[in-house]
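I have a structure here, written as structure tokens, and I will follow up with some questions on it.
Labels run A, B, C, D, E, F, G and H following the written order; every chain starts at residue 1.
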Amino acid sequence: MIEIQARLDLQRRQRLGMVEAVWGEHKTSAQIVEILKSLQAVSELALVTRVSAEKAKELQSVFEGVEFHPQARCLTLGRTADLIPSLGEVVVLSGGTSDMNVAAEAELALRCHGIKTELLIDVGVSGLHRLLDQLERLKTAKVLIACAGMEGALPTVLAGLVSQPVIGVPVSIGYGVSAGGKTALEGMLASCAPGLVVVNIDNGYGAAMAALRILKNLNSSRNKNS
Amino acid sequence: MIEIQARLDLQRRQRLGMVEAVWGEHKTSAQIVEILKSLQAVSELALVTRVSAEKAKELQSVFEGVEFHPQARCLTLGRTADLIPSLGEVVVLSGGTSDMNVAAEAELALRCHGIKTELLIDVGVSGLHRLLDQLERLKTAKVLIACAGMEGALPTVLAGLVSQPVIGVPVSIGYGVSAGGKTALEGMLASCAPGLVVVNIDNGYGAAMAALRILKNLNSSRNKNS
Amino acid sequence: MIEIQARLDLQRRQRLGMVEAVWGEHKTSAQIVEILKSLQAVSELALVTRVSAEKAKELQSVFEGVEFHPQARCLTLGRTADLIPSLGEVVVLSGGTSDMNVAAEAELALRCHGIKTELLIDVGVSGLHRLLDQLERLKTAKVLIACAGMEGALPTVLAGLVSQPVIGVPVSIGYGVSAGGKTALEGMLASCAPGLVVVNIDNGYGAAMAALRILKNLNSSRNKNS
Amino acid sequence: MIEIQARLDLQRRQRLGMVEAVWGEHKTSAQIVEILKSLQAVSELALVTRVSAEKAKELQSVFEGVEFHPQARCLTLGRTADLIPSLGEVVVLSGGTSDMNVAAEAELALRCHGIKTELLIDVGVSGLHRLLDQLERLKTAKVLIACAGMEGALPTVLAGLVSQPVIGVPVSIGYGVSAGGKTALEGMLASCAPGLVVVNIDNGYGAAMAALRILKNLNSSRNKNS
Amino acid sequence: MIEIQARLDLQRRQRLGMVEAVWGEHKTSAQIVEILKSLQAVSELALVTRVSAEKAKELQSVFEGVEFHPQARCLTLGRTADLIPSLGEVVVLSGGTSDMNVAAEAELALRCHGIKTELLIDVGVSGLHRLLDQLERLKTAKVLIACAGMEGALPTVLAGLVSQPVIGVPVSIGYGVSAGGKTALEGMLASCAPGLVVVNIDNGYGAAMAALRILKNLNSSRNKNS
Amino acid sequence: MIEIQARLDLQRRQRLGMVEAVWGEHKTSAQIVEILKSLQAVSELALVTRVSAEKAKELQSVFEGVEFHPQARCLTLGRTADLIPSLGEVVVLSGGTSDMNVAAEAELALRCHGIKTELLIDVGVSGLHRLLDQLERLKTAKVLIACAGMEGALPTVLAGLVSQPVIGVPVSIGYGVSAGGKTALEGMLASCAPGLVVVNIDNGYGAAMAALRILKNLNSSRNKNS
Amino acid sequence: MIEIQARLDLQRRQRLGMVEAVWGEHKTSAQIVEILKSLQAVSELALVTRVSAEKAKELQSVFEGVEFHPQARCLTLGRTADLIPSLGEVVVLSGGTSDMNVAAEAELALRCHGIKTELLIDVGVSGLHRLLDQLERLKTAKVLIACAGMEGALPTVLAGLVSQPVIGVPVSIGYGVSAGGKTALEGMLASCAPGLVVVNIDNGYGAAMAALRILKNLNSSRNKNS
Amino acid sequence: MIEIQARLDLQRRQRLGMVEAVWGEHKTSAQIVEILKSLQAVSELALVTRVSAEKAKELQSVFEGVEFHPQARCLTLGRTADLIPSLGEVVVLSGGTSDMNVAAEAELALRCHGIKTELLIDVGVSGLHRLLDQLERLKTAKVLIACAGMEGALPTVLAGLVSQPVIGVPVSIGYGVSAGGKTALEGMLASCAPGLVVVNIDNGYGAAMAALRILKNLNSSRNKNS
């Protein structure tokens, strides 16, 4: 197991400016513990995604200091970054209560990197007024992350209304043709709204890291240019 | 060939109240001529869908009285029905200029049955104000047919705004994931808007016949109840 | 959680004439309770679909007055509408016993809106005489909803026999190529019967709302014209 | 090229009782000529399927005695078998004029083997009476081959009405979800009618050979048992 | 529930010569009991397919006389038909031990109709000699049913070796690309062996009914001709 | 046609800061001319994408001042924006010569909006040194757009090496499993590199607009904050 | 059951030089015991793949001498071959901890045949330096087996760096578009690296047998030629 | 264009021991000429695959010394390697005449690298004796490449008969479910024969390079060990 530890991508924070993230879904508790120990040894903040409540309880019982975030289904180990307001704010929108896990994963991942983030739930397009009512507030965010299952039309409508970067996150919520999130994904990719970008189904973490790349870039350029 | 003629579904007008329609795409000109002769012999109005300009020209040169409708890519033979205003009006919407063939097929098929119909083009959801501006006018129609390619979000947004029957027609306009219209189709089926119904990709004729079933039903019930 | 409550689409009944429906499948009991409280606060009838017997029992134990409909796998909270016979009747057909849940969901959803509805089970096309025997009775309905799994041929055969609106509901009953309902769905969309419309797999609720749009429309027009 | 000739499966007629058939679609005229020469050298009847009118003309100009069957899009070389009435008759049904090529390929392939065959066109399920009218005649056939595109419901309805072997042939006629014949294929495989068997899309030849296996078997057993 | 009973297709035995079969997979024990009672009332033999050992035990505890066949995962109620040797024999082959459930379902379904049937296991094509060793014995059967999962090549190889009817049954055994049986199914449909016919994945019952149609046909014709 | 003109989304430049773009692929020359006239009337710069050389020649012959960009397969009408160096630079990478059309479309679309852009061709991952050699130069760009067909691994490798926003554009270059670009698309979505975002297959224009949203945002924030 | 035993492919070791392997996933413990007994009777080493910990425990309790390998999820019965260093070494690489089961299955299967094998974990392409660091060591192996889930880019990058045979094994690790391993599989097949070969998803055993074919061949040729 | 030239992967021959190959299908003649000039400048042998007869003629007219291989649809420029008999021989098998292009591409690609190769056509599994007759000859080859379309069973049967490396090449020959080669591909991946490896559909070149990796490896090891 020493070998595994040796190849954790510990240069990642330095290379990409990102906290080490561990995808927990297909790992056993024992494997996760091994990885967390390695990270603790080098004093890195760790984020473990896709952890069920059962696995979380199991891990917390054998590993002190691990915090569980039930809405986001994630674990963190170590102190999250201080908020860096100068980087600007991200708003994470979702069409319905059922999409909340994915939205919460995005929110937590950004918070781990010091990004101010707000969750905006239940703004689905079948009751359009709920989204239109929030339009002015949305225009103040630096990046928008829009999570949607079923037909996934929310990011399309949103990207037609605002000029900021919009990251669509298809959610595996639905049934029949929309089960598994493929319809939402393809709907976002096929979008008639120009400049909408997309990540994998349920990939709240990935959307957060994309937002981080944008915000960090913004920041670094301001430093360089001023 | 006598045998083929013998089995044209000539009871269809009586059974379903619909004009005989011939799907022209996979038929040769010779096959279409044979069918048109049979229909002419029994004085039926005929509608031939999916006819290219080339095939139309060929047919018109050998068969007098055939009319070609280039926008709808259809042929008609015989006098179309008189307008029956009491049946109410259908509005056919489409997201963009590229969807126009399908919308025009629906419009022509309804006109053949005496239904008043209006085409409303370029009301796609990436510039939402164009649709919202037409909302009051849309509420006066008895049935709405919404044609859309790419992500196909138009019928979803529409069915969240109005209470009438909305029939979604996915259009095989797009590229990459939306090529062939499957993404638009699945987006409409997966719609979060309640009570949206869908027909096959590019099936403007089918949407028209569904609208006809609704309007005729309405009419018949008024007769019965008054 | 106050935020969630705030954005329930409470204008929906007024805008679309439909009872608020909650899709229960991907929601926890706690989330459903929260939503039901909000609806109760504004005295709205609520319909929760896709609820397992286990989840129903759990909810009933913490929330008084919730009624469970096991065949339809739905919960209701509040008094359903009185029957409005003038709107006409809907017949819901299904090919076999296995399709009954979906048919029952459609029936309950219509009943919640005061629509008279009858269920007609076991009229699959492999024993055609069972359907043909019911033909005269079917012609008295204003709208027909046909639920079918496997090859999904029932709505096609039906729409070739009657002139009323027929709404096909593919059912996720089957195995091999028909598992999940995709074959039934595509068979209905590809139907050679003119004017058949389709909703998502297992979407009994959606078919009911489509029927409601048709019947309400009919009603409203009668009021306007008389 | 000598090598190619050497491995033609000339034992096939003896092993399987079938004429050598060449699938012409992906072969050049030169390749087909080479194969026909080999077969002529051993005095075998040859059947070449999937040949366009253009390729047929080209082949006929360089190879004497080749006959083209335009409806079936096939070539034959050599004398077809005499009719063997004692083997019984096959009826080939098709839903519409557009399916005729496939039905005609099946008919020709059976004729090459001396099987009496009748074509019955335009008996699609959207006008059910046309099929029901032929029911008594259909019951006199030994095997039924049912070709259908779009939703492909014809073999399902047929196999629910008669007790003979029914072979479904999906046809690549359709558009949208039915383009390419996959929907018809899956509809036939998913059929609720017991004992329906299926061959590949457009495989009229294969259906004919399946019918031949059945009829030959029947014959051989009668010989053995009498 | 009286209504359900009323529409059991009790004319089926007379129309198609087949025992009533109930697909048990998506039915509750209560629903199956209800159906069995109806059949018992009219003294029909019943075959219930796709029944788990658990459900079988449950049913046997409440309904006397039900027999469970664990290998075939089927229930029967009532006396199976006497063997009718004059109809000839069917051999059911399978590639491996894992395919045995499907093969056993076919065998049982044939036995219910009085057909002599033999199971031949472990004749997969990766060790070809095992199949070639059985060739002479296979040639004595009237119909061959070949069950195969993974790449599904067994029926193709078999149909190239023998002249009788061969019915391929794809089996949902496999992993990766072969999980669910789609690869086996498509391999059988795409087969280069002429006249191979195919049924749905895991449909042992359907293959048996296809064999029955062939054998009954054979029998009826011998009666007619002698 | 007046109606069509009326609904061009002329508020788009103001709302989203983007030039009006017309998707030329599914439009006839006549339709494109009509749209260009409308845009010329309001003095808007127009970009028409997906135009074949033939259609371009046809359009140029009837409409003066239209410029064709053969590599990007696009037309422009009107003066493109002046370069705005302060917005920073975008580098567009592609794996091979075959991907160049898509990369050139992205480059042109950015140039139309005044963004400095460089094309970097032939940096595919099968000869990794070619990419690694450019690493320092890549780190000076504000946004990276990586176009790749076949397995589409380039954006994944790139996003593991640099911290800026990386937008993956799958290209419909390939054959067998990679034909049409779906494999490249799914490879990018499934990427193990954190924060990679993706647009539709061949959507060079969309990637450019996403880059524009990022750069404009950066700019606007600098204005606000300074 | 005697019959089953009779057809175990006991000539396989002689014909292909491979140990008898039993695919355990879809077999019951009873079926596996039966097979193991047959193999023990002829003193063959047996390898049973895809065995869960539960099934393994069950088998070990009834069958003495069975060894379980938890990481590889395999059972062995009998003495594995002695190491044959002259055959050369195989290195099995994997992108992450989650792929380890598949890599371990390959490693065990090779060890059963006396092949020296090393596992190299956590060399995924998102942190490229980890792979590049191992390059010299990799060049000493005779064959490389690269296991990867998600986008599956590892074998592509590897095959561009080394000249030895590289066998890609897609792993069913992932979510959204990469769930089930299809994206990794198609990415490997579509690879721009020349001469990469691929086996089925999760087929560590198959990759090992392919490596064995290569190494044995190498060995046999050396014997023949020296 | 100078830039393009600069990044040709000229280190490839040294790194991988392979001739530079250009995939010609999606490149214009002008692009191919540019690349050939660059290769000629550094005296490299070039192989251009997927070139139509038309494009070949066009290229030969502007570039002297280019040789066209019509069966393989490839161009070569420069002297191919001398035969290196010590590397051993490869046999390329194909199921039918229609697969010959792919087999010939593999043969040519090997010949360019000095590998002795033989083509063996028409050994499809529907007439098994043709393959069994060649068995002894096949056992003398070092590597076997088996090309097959339709159900693709040839490599499976072959890999069950011989112990050498077998590389399956699915061919895009077929119709219906086998059109495009996906069924053949999945059949080979799902193969029950142990150790069969697969390349992309129609990828004769890739199979040749895989064989080269094996043979070169073999050679290098013999050098090392002797």
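Please note the rule applied: a residue touches a chain if its C-beta (ideal position, glycine included) is under 8 Å from a C-beta of that chain, and two chains touch if they have at least 3 such contacts.
Just so it is clear, the structure is predicted and the values come from calculations on it, not from any experiment.
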- Give the chains in contact with both chain D and chain F, ordered by label. B, H
- Ordered by label, the neighbours common to chain F and chain H are G
- Name the pair in E-H, F-H or D-E that forms the same interface as D-H; by residue number, over half of the contact pairs must coincide. F-H
- Query: Of the other chains, whose C-alpha centre is the longest way from the centre of chain H?
  - Reply: C
- How many angstrom lie between the CA centroids of chain C and chain D, rounded to a whole number? 44
- Message: Based only on mean CA positions, could you tell me how far chain A sits from chain E in angstrom?
- Response: 50
- Residues of chain E touching 2+ other chains? 15, 126-127, 160-161, 176-178, 182, 185, 189-191, 194, 200-201
- Note on the structure: Checked against the stated definition, the touching pairs are A-B, A-C, A-F, A-G, B-C, B-D, B-F, C-D, C-E, D-E, D-H, E-G, E-H, F-G, F-H, G-H
- Message: Under the stated contact criterion, what part of chain B meets chain A in this complex?
- Response: 95-96, 124-128, 150-153, 156-157, 159-161, 174, 176-178, 182-184, 186-194
- Message: Under the definition above, what is the set of chain C residues touching chain B in their complex?
- Response: 15-18, 21, 86, 88, 142-143, 160-167, 185, 189-191, 194-201, 205-206, 208-214, 216-218, 221-222, 225-226
- Message: For the complex, give me every residue of chain A touching chain C.
- Response: 97-98, 121-123, 126-127, 129-130, 173, 175-179
- Residues on chain B engaged by chain D in the complex (per definition of touch): 3-4, 7-9, 11-12, 15, 23, 25-27, 31, 35, 50, 170, 172, 180-182, 185, 200-203
